[in-house]
Amino acid sequence: MRPIEVGVLGGTGMVGQHFVRFLQGHPWFKLTWLGASDRSSGKQYKDATAWRLEGDMPEEVQDIVVADCKTGSAPRLVFSAMDASVATEIEREFAQAGHIVVSNSRNHRMEMDVPLLVPEINAGHLGLIRVQQRNRGWTGMIVTNPNCSTVVLAMALAPLFPFGIERVFATTMQAVSGAGYPGVASMDIIGNVVPFIGGEEEKMQQETQKILGNLADGKVVPLAARVSAQCNRVAVTDGHLVAASVALTKKPSLSEVREAVNEFRGAPQQKNLPSAPAQPIVYTDQQDRPQPRRDAARDNGMAVTMGRLRQCPVLDLKFIACGHNAIRGAAGAAVLNAELMVSEGFLD
Amino acid sequence: MRPIEVGVLGGTGMVGQHFVRFLQGHPWFKLTWLGASDRSSGKQYKDATAWRLEGDMPEEVQDIVVADCKTGSAPRLVFSAMDASVATEIEREFAQAGHIVVSNSRNHRMEMDVPLLVPEINAGHLGLIRVQQRNRGWTGMIVTNPNCSTVVLAMALAPLFPFGIERVFATTMQAVSGAGYPGVASMDIIGNVVPFIGGEEEKMQQETQKILGNLADGKVVPLAARVSAQCNRVAVTDGHLVAASVALTKKPSLSEVREAVNEFRGAPQQKNLPSAPAQPIVYTDQQDRPQPRRDAARDNGMAVTMGRLRQCPVLDLKFIACGHNAIRGAAGAAVLNAELMVSEGFLD
Amino acid sequence: MRPIEVGVLGGTGMVGQHFVRFLQGHPWFKLTWLGASDRSSGKQYKDATAWRLEGDMPEEVQDIVVADCKTGSAPRLVFSAMDASVATEIEREFAQAGHIVVSNSRNHRMEMDVPLLVPEINAGHLGLIRVQQRNRGWTGMIVTNPNCSTVVLAMALAPLFPFGIERVFATTMQAVSGAGYPGVASMDIIGNVVPFIGGEEEKMQQETQKILGNLADGKVVPLAARVSAQCNRVAVTDGHLVAASVALTKKPSLSEVREAVNEFRGAPQQKNLPSAPAQPIVYTDQQDRPQPRRDAARDNGMAVTMGRLRQCPVLDLKFIACGHNAIRGAAGAAVLNAELMVSEGFLD
Amino acid sequence: MRPIEVGVLGGTGMVGQHFVRFLQGHPWFKLTWLGASDRSSGKQYKDATAWRLEGDMPEEVQDIVVADCKTGSAPRLVFSAMDASVATEIEREFAQAGHIVVSNSRNHRMEMDVPLLVPEINAGHLGLIRVQQRNRGWTGMIVTNPNCSTVVLAMALAPLFPFGIERVFATTMQAVSGAGYPGVASMDIIGNVVPFIGGEEEKMQQETQKILGNLADGKVVPLAARVSAQCNRVAVTDGHLVAASVALTKKPSLSEVREAVNEFRGAPQQKNLPSAPAQPIVYTDQQDRPQPRRDAARDNGMAVTMGRLRQCPVLDLKFIACGHNAIRGAAGAAVLNAELMVSEGFLD
């Protein structure tokens, strides 16, 4: 297979940097184009970008000349790491111009005809693309991945879906990298917890219902379960932790749930996609795990870890889930979406 | 009033040090006696103790010669900051010998005839003392305060009690000082969250029901509400945060609840006890508060701060509460208990 | 004495907030005026200011209407907490218009006719004021305090001055509050050290020489000692630590130095100024102290703590010093400067 | 080449776990034996060990039955990760019984006939082995690697050696993993710096002189340079930072030094040893680097990063160096030592 050229809109920001790093050595995709704001365009990536990730900027991208976020020179497949303040219009322009926009931005996630995709859970939601193209007269398309805290919860809930999810209570402890750069001020978070993240609780509640919803007649019927989220920022670099409790119709035993978790597989595993974790959700028996620093990077940051499954005096079961917000919750999620789309022929 | 001499069992440990500091300049109590293990007894406090709190060891205690944890020389009123591994027997010996033991240890909290006291909430539970003395043939007594995370939740729930508490969901983010010294290893908590604290969830669930229970016929009937706790350790020095959700029979409005919180007062305020916070629970309108580093020390560490009251899609209301685990949750709690007992004539 | 009305230029920022808090209950000064940028002026302080310090905004200032940073309505004595980007012009305008500007900004510190004042060390440098007023034709004046890391080093060196300071090596570990708000991004500092603070090393080197310099013939002759600084940012909220090594002409013994440190007193102590620490530099014998979290707040944040004095294989002696960057290194420093000026009749 | 079986003395502790992880997939060595204290021996490694590192315990070692730290069953080549309290005797017994003991423990480092080896710097010090075996009548041998902070300094100094090192000033900011587990109490380090690490400054001073010393007539003549260290513990998980200043006889320019650093290579590079970093010390031009969280893991944790080289007003040059204390400063250092010994025929 010849490599597929890809671009990143918003390539100089922190999420953009995660795309750059995650795409290094990708077997299908070759990063050849980076778009950014006027301030950066025309410069080489190494001069336009203050590299914030661990290690050095990959050599292969250092000399790429950053482009404007305009459609002319970009490859057909573009990832969007743009800030929400500018993503709406630019993503639409790219889709209209025939590009396949695989976006990490929140802007289009909740639109009726835009898939909010977690390939292990709702690969079938790609069926919305036809509706989207018909509605909007686009030759391209927009596909989105969830918010970085939603994906950890949704992944943990997916194996419980067959037991009938009725109510979900989720309290998050989220890493600062979820807020981008400069993001959270160090004065606010060192030795502290900030029990508020603007708009995050609403996103978790709505997105979870859409992801776990059913596509029928060209529409996603959201999961009927009530979801309540409390979102907190903690002094962690990478990795979101979710303390969840669920009410389930079928009242499974703890061992039935653990088994369902460990055996859960989805489209990426069946299709053996390059970025698919071998086991999407890994149950750990260690009583004090998962922990963000020790578990977020599991399987290259693409697997979610679950632990501490036990009875809940208020609902039925409670547990802890942990995932890498910048990988499984952003760059890796979008790349996996694109891989699924390639495998389903959307780029043919 | 002549000062009442008091002692501290387990005075060299970290909770003991909090007692020492909290009792400095107390208008009623004078700390004259410090008991500790064999290793320390016979030494001056300054030589027996590695001072771990901010600032220097108070001068007044530096030269006190540490005693054995035996009843001979101790004053009638003793606070217990002893480790759970030794508290059961020693506290009983002191109570049997006529001492008033005001304990922060967990050992006797859940015994049927031992008050688990939060003076703002259940001052009447001191009625158990007569039962305790009759049952055990003691001339002294044991009174306890709750676990450091329980007290934050119980205080926040107390103003909601009149609305009918049916179910409670609480996820904690707890400071490392709650684990004593050396407590949590820094390798476990820097840039991390540990989603497990041994025995803590059970304590929060049971103690909350007892504290909010009703004393009748010499017994405490626990609150019938179901309580579910998820306890997490975060990289915070002092101050426990609780993200809670509650179901209430009477479905009050948000403003009714805020008003109930701000107007809530209890015995310590009515009796104007020296360590009583002017307002036990303070509601804050700042959308990203309370926060442990900025709010735990409110009113000398004795007031709990509540914020972010809002509707909950699963139960009725959710909110955040924050309190100082080492003061309101330990040393200050016990001292307030003793003040209540003095004011009710238990020392006469 | 009638209270002296004072104002704060740049009152809504984080240093401004430290001034607001530090001036609460001040026996001489009454804060009646707060100046800020256009965006804030005309609003009440409580609406113009996102309060970032521990606890709540003091009630007394909440309703003060924030003014422009113009001279019309301001009291004669104004503290400057302005950002360096705007301080130069505004401070000059105020001084020209007859105001006494006691500035924490760096802009005028190194000018020949501006005192860089640490009242314990160089109170006599106020003699520069006459030169300044003559040079510039001002009826007012500008007085400055040092950079927040410089003051810790300068205070620690002051008692060593009589032994003949020849060379100084200082490596700092500085709190994030020294960078203001939002300042250091949490992504940069959680679980990390940033070994660079723009301009800081040069400031420490030059300011230290000026502070310890000799005023003669209307000029400060800088201390001839060579000073080398390495400045690092660490994950600490408040409190700068300095690991220093010095070469001294007179080769004092360790005990002579400890004695000199503990006996050191300056003008603020002799004049009993309200914000003067009883003992400006406190030597601690605890082998692992001073530490920022445990020692920075000593004596209301105005005393510097020194420890670990020992022989240095390269120079003569090495030691650790710690001080509160936001108090002794900013707001408290400026207030102490103003107190000295009041006591010396500059406001008469 | 057939794999060489190796063992780890003290395999269940945190340094031992680093050996286990570092040896996974090693092309020459196969870990087949783990020794630990009585408490652990006889159990499978997975039951004897609370795994503290990121990710899960490697599968290959989980079922190894932990042995006593006795010579009977151990392979010829053993790494020692033992606590200093027990290492002296056990390491000697193993060497006497013919084992090649490659030790990370401090116990034998400063003995006259024991190599303190950094293969890039002093591979020739292996010549001490003959002296050691003759002196002690051993058929085996003990080789040691430096303390985890020393190695960062020594590596950074090695390229400067040709310029004539006269004096060295080093202030460290060290990660908590350097103290083992549980090591530093979280109460001591969250939001804090502890400016004391027992014995560390002496180790840095003496070990640096020995490493850079000259082997002649069966003795190492220590480098004559005076070295002064100030050691501090900071809230970092992995990676020691050293702020250093040096006086050099030949007064090289900054660019000469940078070039010397980047071109520096030693025996591991020449021999292409499996764990050798391609470039032992990497100079970075980013003005705020190296940083522990972003640079310690360079080249699998085996390369040291240097930056901020500039003139020093007191000595000649100052710079920052950073290395991974648990890899380059412990497990990786010992494995590289063993690789060097294999390549020099010590195992033939």
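The letters A, B, C and D name the chains in turn, as written, and every chain counts its residues from 1.
By definition in this document, a contact is a pair of C-beta atoms (placed from the backbone, for glycine too) under 8 Å apart; a residue touches a chain by one contact, two chains touch by 3 or more.
Only a predicted model underlies this, so the values are computations on that prediction, with no experimental measurement involved.
K.L.:
State which chains count as neighbours of chain A and simultaneously of chain B.
P.N.:
Of all the chains present, those in contact with both chain A and chain B are C, D.
K.L.:
Quick one: point me to the chain whose Cα centre is farthest from that of chain B.
P.N.:
Here the answer is chain D, farthest from chain B.
K.L.:
From the mean C-alpha coordinate of chain A to that of chain D, what's the distance rounded to whole Å?
P.N.:
Comparing mean C-alpha positions, chain D is 40 Å from chain A.
K.L.:
Distance-wise, how many Å sit between the C-alpha centres of chain A and chain C, to the nearest whole number?
P.N.:
One centre to the other, that is 47 Å.
K.L.:
Among the residues of chain B, which ones contact at least 2 other chains?
P.N.:
Residues 188, 190-191, 235-237, 293-294 of chain B each touch two or more of the other chains.
K.L.:
Could you list, by residue number, the parts of chain D that touch chain C in their complex?
P.N.:
Interface residues on the chain D side: 167-169, 171, 173, 188, 190-196, 205, 226-228, 230, 232, 234-237, 241, 243, 245, 287-294, 307-308, 312-315, 318, 320.
K.L.:
Under the definition above, what is the set of chain A residues touching chain C in their complex?
P.N.:
Residues 14, 52, 176-177, 181-191, 235-237.
K.L.:
For the complex, which residues does chain D have touching chain A?
P.N.:
51, 53-56, 190-191, 237, 284, 286, 293-295, 297-298
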